[in-house]
Amino acid sequence: MKVAVYPGSFDPITYGHLDLVERSCKIFDRVIVAVLINSSKKALFTIEERKEMIKEATKHLPNVEVDHFSGLLIDYMLSMNAKVILRGLRAISDFEYELQIASINKKLSEDIETVFLMSNNKHSFISSSMVKEVASYGADVTELVPSQVEKALKKKYGYDKTR
Amino acid sequence: MKVAVYPGSFDPITYGHLDLVERSCKIFDRVIVAVLINSSKKALFTIEERKEMIKEATKHLPNVEVDHFSGLLIDYMLSMNAKVILRGLRAISDFEYELQIASINKKLSEDIETVFLMSNNKHSFISSSMVKEVASYGADVTELVPSQVEKALKKKYGYDKTR
Amino acid sequence: MKVAVYPGSFDPITYGHLDLVERSCKIFDRVIVAVLINSSKKALFTIEERKEMIKEATKHLPNVEVDHFSGLLIDYMLSMNAKVILRGLRAISDFEYELQIASINKKLSEDIETVFLMSNNKHSFISSSMVKEVASYGADVTELVPSQVEKALKKKYGYDKTR
Amino acid sequence: MKVAVYPGSFDPITYGHLDLVERSCKIFDRVIVAVLINSSKKALFTIEERKEMIKEATKHLPNVEVDHFSGLLIDYMLSMNAKVILRGLRAISDFEYELQIASINKKLSEDIETVFLMSNNKHSFISSSMVKEVASYGADVTELVPSQVEKALKKKYGYDKTR
Amino acid sequence: MKVAVYPGSFDPITYGHLDLVERSCKIFDRVIVAVLINSSKKALFTIEERKEMIKEATKHLPNVEVDHFSGLLIDYMLSMNAKVILRGLRAISDFEYELQIASINKKLSEDIETVFLMSNNKHSFISSSMVKEVASYGADVTELVPSQVEKALKKKYGYDKTR
Amino acid sequence: MKVAVYPGSFDPITYGHLDLVERSCKIFDRVIVAVLINSSKKALFTIEERKEMIKEATKHLPNVEVDHFSGLLIDYMLSMNAKVILRGLRAISDFEYELQIASINKKLSEDIETVFLMSNNKHSFISSSMVKEVASYGADVTELVPSQVEKALKKKYGYDKTR
């Protein structure tokens, strides 16, 4: 059975991430979306909130699981008996950074492969940080994130008062 | 069963290609190395020669097959009931070209996914055309291609003096 | 009155080009789509065919004109009393090439400005040469080019026999 | 009347920015240089100081105005009845970031266009942050910024010996 | 005598840096590895620790010296009577940043040249910050840094307790 | 003595090339400008014409020599007892191509180093092929090439009839 891990911050999950998960599900037997606990980076949502949003957004996909991890990705991979890391490529700057990460992961464990999917053109400009920036001013993000995430963003930024 | 197709000219196969095939074999159940017949591009080796060299180089890999095709890759994919296209990424210029190809393939068939593996650092500078350029002057290419390919190149360029 | 010239081969015009023309029309008073006669590059359609297709595709845009030119773009600009060159940016490789062209045009005439619009994400992978490649195998290009261009491509490649 | 907005931090304005303003003035009827109030980014100069320096540097250009805004650029554009965002392109990293910003702005308002001008080769390496870095060590910046900005930098960094 | 300065943070020195020093030694008569004192950037190792590690790693190279400096590189170059700045290029993002730095250095002093060497493929993914990230989780870094640096990293991150 | 070889087509030499030669002269004891004989590429000027133009343009530089070679650059380097290849970097596309060439040269001979200088901003858009394109239409190229090259171009393209 081919198990792939899709690691990231997912703060919050966007339609760009979701597109990647949906496409990976057809290629691999089991896909684990793994939220990285990174204490040095300030997040908007807690790990639990992020996992909840991912679960809700992927509940139609039977072979997807949601998890979290801290420390080195490679150690997490080994503990899950997973051999494939999934990553999306949006832009050149992604490309270089991902290449470095993939190289060092290869160096740390010869057995682990990083597999890249190109982002869908329609979603290629969406990043979690841009979604947060735009949502913080009360702009409409319905085309960028699932509706439950949109509601959570409105709540965080205090735009849900009228309801 | 997950079938992946690795299309290309392979004129001739290099250690860079071979590295990609070996790594893909662990991710997919069946990998088809498919030589593209491109009548508008002048090749050094015939389709048969190229397929022979790939077969020889991949004979230790039980789930690899060697084939050829002409026309649109998507049509070939459908005929083989394969859903995954395999591509290597070496450099930024690859990245952009591959992104365009992947986008148009996605447009032509929603079901087909292109999956990218980063080239091994050690092999990232090897391309078939450079190998041919260098071999044409009689330079040593033992670190760039399998030994049978090296012999074939020497023969093509007339450096096999023992004949 | 601000006149902008959009130069190119347009062999044939695609939805990517058309999107750019439509957006430029709102920014400039008059937009001239200018087909470059380049004797050293083999084209699929004649200059007249290309101009006809552009005219048909832009007939809903009152401030668009279609023309052709040969020689240096700068000389054509001066003859049309136009100060702005319009270019689309799709990818990094475009970016660099366009930067060189814009620099040399600036050097040749201080008064001419090159103005860039980013390609719409939806169309960023469409190029005339890819459209031709795909159409030559009889694949469906209805999402890539206007319907009259699609018909012309089918005719050129002999896929209109059943009609 | 075509109104273009050139948004930025301008902390402080450089010859690179000024070159872009001068060139835009010939293309658009009215150009608004709009200083973004970004409370999360520590600036060297106050909004008022920055606006003063831009006014001084552009006083020879009759169709330029200087303004400031906070919040989403798109909201500011609508409030000014402006349809065109002006941006300079210096490098690949700019290109990708600008592409993302332009895409999200397009998504937020279909009517707004982002128009790019390539930076003049002579100024392509000048950024406000480099100017500040260099000026903080007392190095000569007369070729990088207008003379009044140079004086202001000297004063900020304590190199105005006459005090 | 041709003197070249290789400036950097070297926090800590990696096999990537060392490869560059070894290759530069054959091109220039004297190579000065100069640690930049940058008070605004938090470092893992002190200036003295970094210099010690570089000295230890380059002790087999007779024409290498180790030094430190603060302020503008150009001022340091002049004080050392050195005309050549040495830099490694690993990736596109390096390329652009380095181009900007080289341009501004050229502007500040016409006599100074920046000379670039491409990073060895084998080391192109190694950066000091990645080494620190990986080492902080106790992962093996013997292929990334000299053994004395590895020991120093283990000590800093508390993985040397068993000894 | 440090000998550097600057290989290229130089069809014809431009101010961009010349700037690089002048700067290299200060770094290396002896600089050989080596015209590559490439029978598969159609040139405008003969090898002799190209060498003459380079000699004329570099006659003020005592440590510059002009030569030509065919075959592999590495073989030429060894025959000249030179250890350093000189290359200019103008753009990202250069960067990647040069990186590949430098890697394969390193592979072919461990002793040879490729050293890169960034192109002067002022000349970064000049390429021999653009100069030829522009000159072929009779446009002014005095800012792009030395005056003797300009005359030679006029003669080749038949714009010297009035003399």
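Details
Note that the chains are named A, B, C, D, E and F in the order they appear, and that numbering of residues resets to 1 at the start of each chain.
The rule is short, and it goes like this: contacts are C-beta pairs under 8 Å (C-beta built on N, C-alpha and C of every residue); 3 or more make two chains touch, one makes a residue touch a chain.
Just so it is clear, the model here is predicted, and its values are computed rather than measured.
In the contact between subunit E and subunit F, the residue numbers used by both copies make up over half of all numbers at that interface. The interface formed by C-F recurs in B-C: of the pairs listed in B-C, E-F or A-B, only this one shares over half of its residue-numbered contact pairs with it. In terms of the distance between Cα centroids, subunit A is separated most widely from F.
If you average the Cα atoms of subunit A and of subunit F, the two centres end up 48 Å apart. Each chain gets a centre from the mean of its Cα atoms; for subunit C and subunit D, those two points are 32 Å apart.
If each chain is reduced to the centroid of its CA atoms, subunit A and subunit C end up 38 Å from each other.
Within subunit B, contacts with two or more other chains are made by residues 92-93, 99, 103, 121, 124-125. Within the complex formed with subunit D, the subunit C residues making contact are 2, 23, 26-28, 83-84, 89, 92, 95, 98-99, 102-103, 106, 111, 113-118, 120-121.
Within the complex formed with subunit E, the subunit D residues making contact are 91-93, 124-127, 130, 134, 137, 139-140, 143-144. Within the complex, the subunit B residues that touch subunit C are 71-72, 74-75, 92-93, 96, 99-100, 103-104, 107-108.
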